[in-house]
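Which chain is which? They are A, B, C and D, in the order written, and residues in each are numbered from 1.
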């Protein structure tokens, strides 16, 4: 059973990796975008697993975008290296801010991260000479000269990296720590878990991922501006995708981003006017009829068929 | 609640500091105070119903600002088809929005009351999207205006010339606040609603119809947004995304004031409004005015968390 | 049975034959359909295609227009180019609106190198990114060209109306990309003028700018910037914001009693009800087109009437006639070239002179960076009795210039 | 045994909540290997004392020494790692985890084991307290199982000192007897135990020494027999109980 699962995973990864060989530029482009949202969604979900609802996704995405683009522009840094710099920069900022804000909880944490993203935007917009102000900055050329296959592989690697980090979170002691924190901080503390350390660790790691995704996005188009880098799209869409797929897991955000990402593109082509209404209705329907997301529903169906078939329930 | 008692002396120092600051600002930038009070009370007027829903029903409504948009378009439509003054149309818009709120509550919100906060967020996000796009499809993205003479009226006192219309926001905000407080403190229904907000399970045990209270509060909140819609229409352009920035601002004010503190929202609104207007009036730095909102918000929330951390 | 088979065979042949014979020329358009500009530009393109097909198409082939929504989203706009190129296999790209979206599209456009005619994206950043792309035709003036164009216009107006003054200019600009770009363009040109070069030599003596937050992004309080302007007392006050700012800007100017001799609004479009308000009277605006052009240009009149007839609504933005022009310009080129072959067609497009509904003949010339630039100036218009009247260029003037801006009293 | 330094020393401990004084100038020591009972009426400050000593609350005044070390400024998780652990009167299981996983958490972080050894340790401890169904979700566990799980979790971190906060409440006679045996076993393994209980039989059966709290203060101290006859205790506690 376990072997089969591994085989399926390997097959999916291979299919994803070889996607440019059998898909045209358009599906490739759509998938590149989907993978961007997938990585963002995973990073958001990882933070959520500690019980902290972050609205800072777009903020750290934007920081990464700026750091990557500006280091290439001013210091002539290799674009690939600059993406790494984007991640490091976002991580450093997250580390510094984490000390101040990680004692906040629930809605107060959420709104503070949102406000921080707002502060980043205002700063980026007003440092005219350095960041290009509201108009932003462009590079002479996009990364890999815009070669879509290489750009896809870059984004694919970033998304795969996020998946690996997410699985690392799920399979090591980190899972025990953050699940305990999410469920009951008092129990967690009394069981010897250093809550602040874990929150800071997860906050820094997820922010770094967001920074890397932002860096890759900025280099993909060779362009950065406050409006595009800090767009609420990079906040709300990944959240919607995670919730649609199913939170607190790796598979949920992956499924959610692929389904919603492809669906929104399909709806747009099918209904040029008003497609977002249908998209909205679908989101509402998911909340009302699949409260645990697509993954949750699949699990339920699987459970049902298993009990109907009469399989053993003792197996965990 | 206990912490406010230990910090009793701050209750006087803080307002005192605020008054001193206000006087100083008024001496150097008199207009910033006037404009700040006007805009700030609009923020508060719109934030109060959001806080009411959040405090009692426990729903964070991301479509809040879009109800403002919807209300404004309804008032616009009424104005264009009957010529009814936007201020008078409040009497039609607010009840209409009340009904819209009740309908939405019945069809959607009531189904997610027990769901996690996030599902509620996603639901209202979906509703916001639908509202925005339906409005866009009907009225296009092109802004609409209603022109009435009095919206640009002004008065002069001792060399100051300032607009008078926006003081209606202050009137409305104070009015709504007073009525809401009267309702929550002095009516049977209001007291019941207050009890539900404090402890829904307990309220259910003592026989309060919690479902009905939720329905009522949600609808009232949406209805109050209708008042703001009618008030802003003569003064602002409306377009499909007109109301959505107010969701964030309302959310910020509710968080700043602390849950369940309606009066605090008015104070927070005024403080932020004046802060914003102050930065806007500094030549060359008006682009930084947004930072007031975010900065003050972050400061208030973190300071409060430090105070509250050592129980 | 035999008969049935025969009929099907004939039918099939006919269908196949027709299909083979009239393989359409495909135009792939990318526009923000959720926005009024994109929606009306798309409509106008459909109208142009319909007219051309009704007249027999081009080179004996009909046109087929495929429109994809960019949702004002850079990655969606970029993916749309890929879709049109590979799934729909279009022959040409047309369309365009936001500069931010276009910056993401340019790398993709470069990949396909198809002939592209663009009507939006005015940012010089886009132009910079397009250096050396000889297959690219840009119809909308670049941001810096617009500024230069206004200078030419105002100089001519000053000559014709000697009482007009244009020495002290105050610019209130929205703090986003659109407003800031125009502020920076002014600064650059005035700096140039100090060196004795460029269009602004001898025009503006003093200049001051201050930003505001547009109502389109949740702002809409202009009183601080208006008060600053009032104290500075300019000859001309310009605001560069969005359509949502238009009427509140006037109302707040009235509120604080600010009525400069020239009150200029420079948004990309105007709200539906602006003309209905008495506050609009005398406001000068920059634009490429107005319904009043119907009085002086038969092409404009034809376009206007056809559009209203087809869609039951007025064209509200100049992107409607631009979209119409977009299709016709390309078709004129194809007709002239007699082929779709790239090099020949580029040459032909360089030669095209198309009398557009914008009241101006479209001709291609190099701009500062790119080889193929279409229009370079906007017109100077004025709101009079609820309508936009053309003041300049004088060849298409539809009304006399009202100067100074009427006082607020009695409005 | 008497000559050894105490494992826990509490000095002049005060804990206020706003105007309310929950723990009022408490001083006492606990000897290594002892079973100390803490009794008192509702609201006497027993659970607050547990919370302050285990590190969930900071004391308003006073100091706490554990094995001679001042732990007053340490956080709960640090005290847990040093060897102070506790159960919760209102059980606080991690609902998403199975019984075994719940116990593993404290083996992982309280004792600092790796995943594999933590699992082994958790199994051992569960067996020690008599838990059989280890992989069931929390919803299907019985009250007894949850109580045992609380104890197992407290033990898995390898503590020197354990607070057992009303672990017998709500159990029937057989279950209580089983639990008493478990606590004796824990004590026999060398762990010092502080038992907070309402059930007097349990106190009588288990403890070497008892302190009685009322309104945050110690009103009596000594063996169960000694304190149960003191009039203050009867009036404050036993009296109320009748």
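The rule is short, and it goes like this: a residue touches a chain if its C-beta (ideal position, glycine included) is under 8 Å from a C-beta of that chain, and two chains touch if they have at least 3 such contacts.
Keep in mind that what you see is a predicted model, and the values were worked out from it rather than measured.
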For this session: Quickly list, by label, the chains bordering both chain B and chain C.
Result: A
For this session: Please state whether A-B or A-D has more C-beta contact pairs across its interface.
Result: A-B
Seminar exercise, completed: Most remote chain w.r.t. Chain D, using mean C-alpha positions, is C
Exercise. Taking each chain's centre as its mean C-alpha position, how far apart are chain A and chain B in Å?
Worked result: 32
Problem set entry | chain A-chain D separation of Cα centroids, rounded to whole Å | 43
Seminar exercise, completed: Per the C-alpha centroid definition, the whole-Å distance linking chain C and chain D comes out as 77
For this session: Round to the nearest whole Å and give the separation of the Cα centres of chain B and chain D.
Result: 49
Seminar exercise, completed: Expected list for chain C, residues touching two or more other chains, is 34, 39, 175
Seminar exercise, completed: Where chain A touches two or more other chains at once, the residues are 125, 273, 276
Seminar exercise, completed: Note: chain B residues in touch with at least two other chains are 133, 287, 290
Exercise. Inside the complex, what are the residues of chain B that reach chain A?
Worked result: 60, 108, 111-112, 115, 117-119, 121-123, 125-130, 132-134, 137, 248, 251-252, 255, 287-288, 290-291, 293-295, 297-298, 301-302, 305-306, 309
Problem set entry | Residues of chain A defined as touching chain C within the complex | 24-26, 28-30, 32-33, 36, 125, 128, 133-136, 138, 141-142, 145-146, 148, 217, 221-223, 225, 227-228, 233, 265, 268-269, 272-273, 275-276
For this session: Name, in rising order, each residue of chain A that touches chain B in their complex.
Result: 48, 53, 100-101, 103-104, 106-108, 111-112, 114-116, 118-119, 121-123, 125-126, 236, 239-240, 243-244, 247, 273-274, 276-277, 279-284, 286-288, 291
Seminar exercise, completed: In the complex, the residues of chain B that touch chain C are 31-32, 35, 39, 133, 136, 140-147, 151-154, 161-163, 165, 235-237, 239, 241-242, 244-246, 249, 277, 280-281, 283-284, 286-287, 289-290
Seminar exercise, completed: The residues of chain D that touch chain A in their complex are 54-56, 75-78, 80-81, 85-86, 88, 92-98, 101, 104-106, 108-112, 114-115, 118, 135, 153, 157
